[in-house]
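In structure tokens below, several structures.
Next come two complexes, and both contain subunit A; in the first it sits with subunit B, in the second with subunit C.
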Partner chain A sequence: MLSDKTDTWVPVALSQDLPTGQAMPARTLAGPIALWRSQSGRLAASADRCPHRGMRLSHGFVRGEALSCIYHGWTYSQAGRCLRIPAHPSLTPPETIRVATRSVEEAGGIVWVADGEPDGKPPLFEGYVPLRSLTVRAGGSALSAATGTKAAVEGFVWRAPGAPAIRLLPVPQETGETLIHVLVPADCGVSERVAASRAAESLRRMAERIEAKEAVP
Partner chain B sequence: MNDDAMRDEWYPVGLFSQLDRGGRETTLMGAPIKVALDANGAAKVTGEDGRVLPVSVRYGHIWSSLGEPRKPVFPIPEADQPGRRFVDVGVVRVRCSPLRAVENFLDIAHFPFVHTDILGSEPHTEVEDYKVEIREEEDEVWATQVKFYQPQAAKSASGGITTEYMYRVPAPTCSVLYKTCPPRPGEWDVIALFVQPLAEDLCDVWPWMALFDDETPLTDLIHFQQTIFLQDRSILENQIPRLLPLDPGMEIPTRADLTSVAYRRWLKRHNYTYGAQLVAQ
Partner chain C sequence: MRLYDYVLSPSCYKVRLMAALSGVKLEIRPVDFHPGAEHRGPELMALNPGGSIPILEDGDLILTESSAMLGYLAAKAAPAWLGSGAPEETARIQQWLSFSHRLTASLGGARLHEMLLRPGDIGALQANGIAALRELEAGLFEQKMRGNRFLACDRPTIADIACFPYVALAPDGGVSLDPYPTIRLWSRALRSLDNFIEMPGIHRLHELKPEPRPCPDEA
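And now, the complex of A and B:
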């Protein structure tokens, strides 16, 4: 079960959007994170801030099994320990230099992050595969109004005219926006996937219109 | 916040060469100001309420202050040295604290990663020990004997060289660097960073140069510096927090950062806290 508590799994990205050897920014309600995939394919997640000068680590670069900050090249292991400070190549960084890490799991093509130690594995949506993610400038109530369905955070199925039934996974953001992961039935063909993608975009427009109206006094 | 100490300092507010009677509207520490030429062709700076602000024209720029500067704009003796070419680089607006912009300018360890293959390159990442002091008489931060390997230290450099640097901080949002001058061994090229604080987390950066280089076209010199500062901007706009933390604990310095350590200490000593974050807040 998903919730906005911090010790539960939050779907922050789709596996397909994070290739090997890359880093990307993501968010949980506890703040921004740097998500990265090592050369061997292992995922890691840490606070999105290098403790040296505060630079976002999601702008960094991956070499081998480590993530380096783009500012001065300080290099961190998947466990968050600083391994290397290029300005002082012969120095072994003290153990106290580290970044806070998050639990991270991949399930069914979705990357899940938890700020604490969650019980159990993240959920699997049998029969569905991820299609894309999109950010909507609207909250849960506007989304519910736009779909005519309660926009439950554990995901819900929505059917737009001319599109297959799709599963939406809304993730509330600190900004008031909602990140939505769109899943389609695993047996969808290309044209159905295109229709599902367009349906998700029209849902975004609808929800944003409703949100904008609600915001007007 | 007590920004009184910084109110009494000079700040760049525009290029003298680009000023006309129509003038230029800009901002200084949150206050709207107007910079223009008066009927006699002299620079004039006025506040929102029509109050006439202090004005000085130095190093190609117009300088002003919301308060009452106790000293003239800091000296750059090389500005009067014959044979130098003076370059107004222009302006780069950066969404960061003016103090963060200066601190980045004082830092050489980022060269291989941010200015890759220009001011630095791997594996030449080591920062050797250098000397840092606060010169009490001048009341300036100085770093000397700073050395770094550079693939292309300046527009006039061909091939990699070990460049020597000196840095000064003569004012809270200004820094002057002296670096090895490829065509003229024994002399120093001067590159200054004049930062106009628009707000605590927004600034206009006005680089200025005094070089021994009669060869390179002006456009190339300006493009070279603009490239460098745009690379810096991609860093400066992504540091958390935007304000410069003045108390230890929030960030971790190493020996390579001793200039920044001295800069932060000097800021704190003078209560130069506009654009700074203090733990107590």
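And now, the complex of A and C:
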């Protein structure tokens, strides 16, 4: 499993799920975050809470290089500074109004976030491309039991009948669930990608069945 | 064409949305669904003995199933929303139209329980809702692999409109949409359509409109 040290890169989403000009929710062990990509393509990550009224910023919208809250339109820069308060158009917001930000990096089609300042770059998975992310209501031990492989830090390869060998990147959530990013060999065609997606669905059913059995006293 | 309508009903919204997208003008007849239970009163029971809304009335034709209303509006004014007629596309449209009833029963049931305190097993309703959302996410993902952004093909059809509202309002029933990235992209694609209209709880995409500026005399 991935380390829970806060200076470690955590894979929170796939690049393909966050096009330019959009925001989405994600989680690190330090809590929920708003992940967003500006019109020019720059990624940013902040705490998922507007300091004004507590609305989730991942429900917000992106114009140009700024993220605005859906509730009253307070607008934030990539560095977390409040740029604009629409109800007070002539006011320059004081510097103290800001959202906490996170370090964010994109590597090999995966978006990585760190709560601190990691030394190195996030890892690359040569020969693999991201397929999809799914959330499993099971922890690492159920996942290891379902695949017969230890769910490791750098991910692990799993082969289901009738599907290509896929690489799974498990990310434990503080809810006890596991976010899994599924990667496939880069040369996979459409039918193999569909088969890999269905294999991941089967794995989720298996792991959740095991988790439910373990939960019964 | 007259729609017996309740503004907070996702099924009624399907019909208003389809009408807006296909350019059909509806005569809206508001129904006091809550707290008045007008849909169970003698006037509406005479139109629809099933006691549900929406009801769409066009001359002699009375429709009481929202999927049929979507098909009627599309056939009358915007046939492209019925798909190309290719066998696989036709089958996918029917598949998701039928599937949409499971969204109504599960996510819609959880929403009624949470918002209007309707009796029901909230845990089971939410679990069935999550199962349906996972199916939809997987279906949309496979479509994306085939180069299609929507449920039946690469353009929206009545199947997308049938599934969209109860999915978008899942959080009203205590079911999170956070774990479904492909549903999020699909929802955005639908909300980006020309003539898209809102309902309470489903907002438009603000970034598609010009940034509001104060009037000069207000500044």
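One rule holds in what follows: the second predicted complex is superposed on the first by the 215 of 217 C-alpha atoms of A that agree within 3 Å, B and C clash if a C-alpha of one lies under 4 Å from a C-alpha of the other, contacts with A are read in each partner's own complex, and residues count from 1 in each chain.
One rule holds in what follows: a contact is a pair of C-beta atoms (placed from the backbone, for glycine too) under 8 Å apart; a residue touches a chain by one contact, two chains touch by 3 or more.
What you see is a predicted model, and the numbers here were worked out from it, not measured in a lab.
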item: Subunit B versus subunit C as contact partner of A:Gly21, first or second or both or neither; value: second
item: Partner chain(s) touched by A:Arg49 [first = subunit B, second = subunit C, both, neither]; value: first
item: Touching partner for A:Pro86 - first (subunit B), second (subunit C), both, neither; value: both
item: Which of subunit B and subunit C A:Ile70 touches, first, second, both or neither; value: both
item: First (subunit B), second (subunit C), both or neither touched by A:Ile97; value: first
item: Partner chain in contact with A:Glu201 - subunit B first, subunit C second, else both or neither; value: second
item: Doubly contacted subunit A residues - partners subunit C and subunit B; value: 68, 70, 86, 89
item: Subunit A-touching residues of subunit C, taken from the complex the two chains share; value: 134, 137-138, 141-142, 145-146, 178-179, 181-182, 184-185, 188, 203, 205-207, 211-214, 219
item: For the subunit A and subunit B complex, residues of the former touching the latter; value: 32, 48-49, 51-56, 59, 68-73, 85-89, 91, 97
item: Parts of subunit B lying in touch with subunit A, wherever the complex brings them together; value: 109-110, 112-114, 122, 125-127, 234-235, 238-241, 245, 250-256
item: Subunit C-touching residues of subunit A, taken from the complex the two chains share; value: 13-14, 17, 19, 21-22, 24-25, 61-63, 68, 70, 86, 89-90, 132-135, 190, 193-194, 197-198, 201
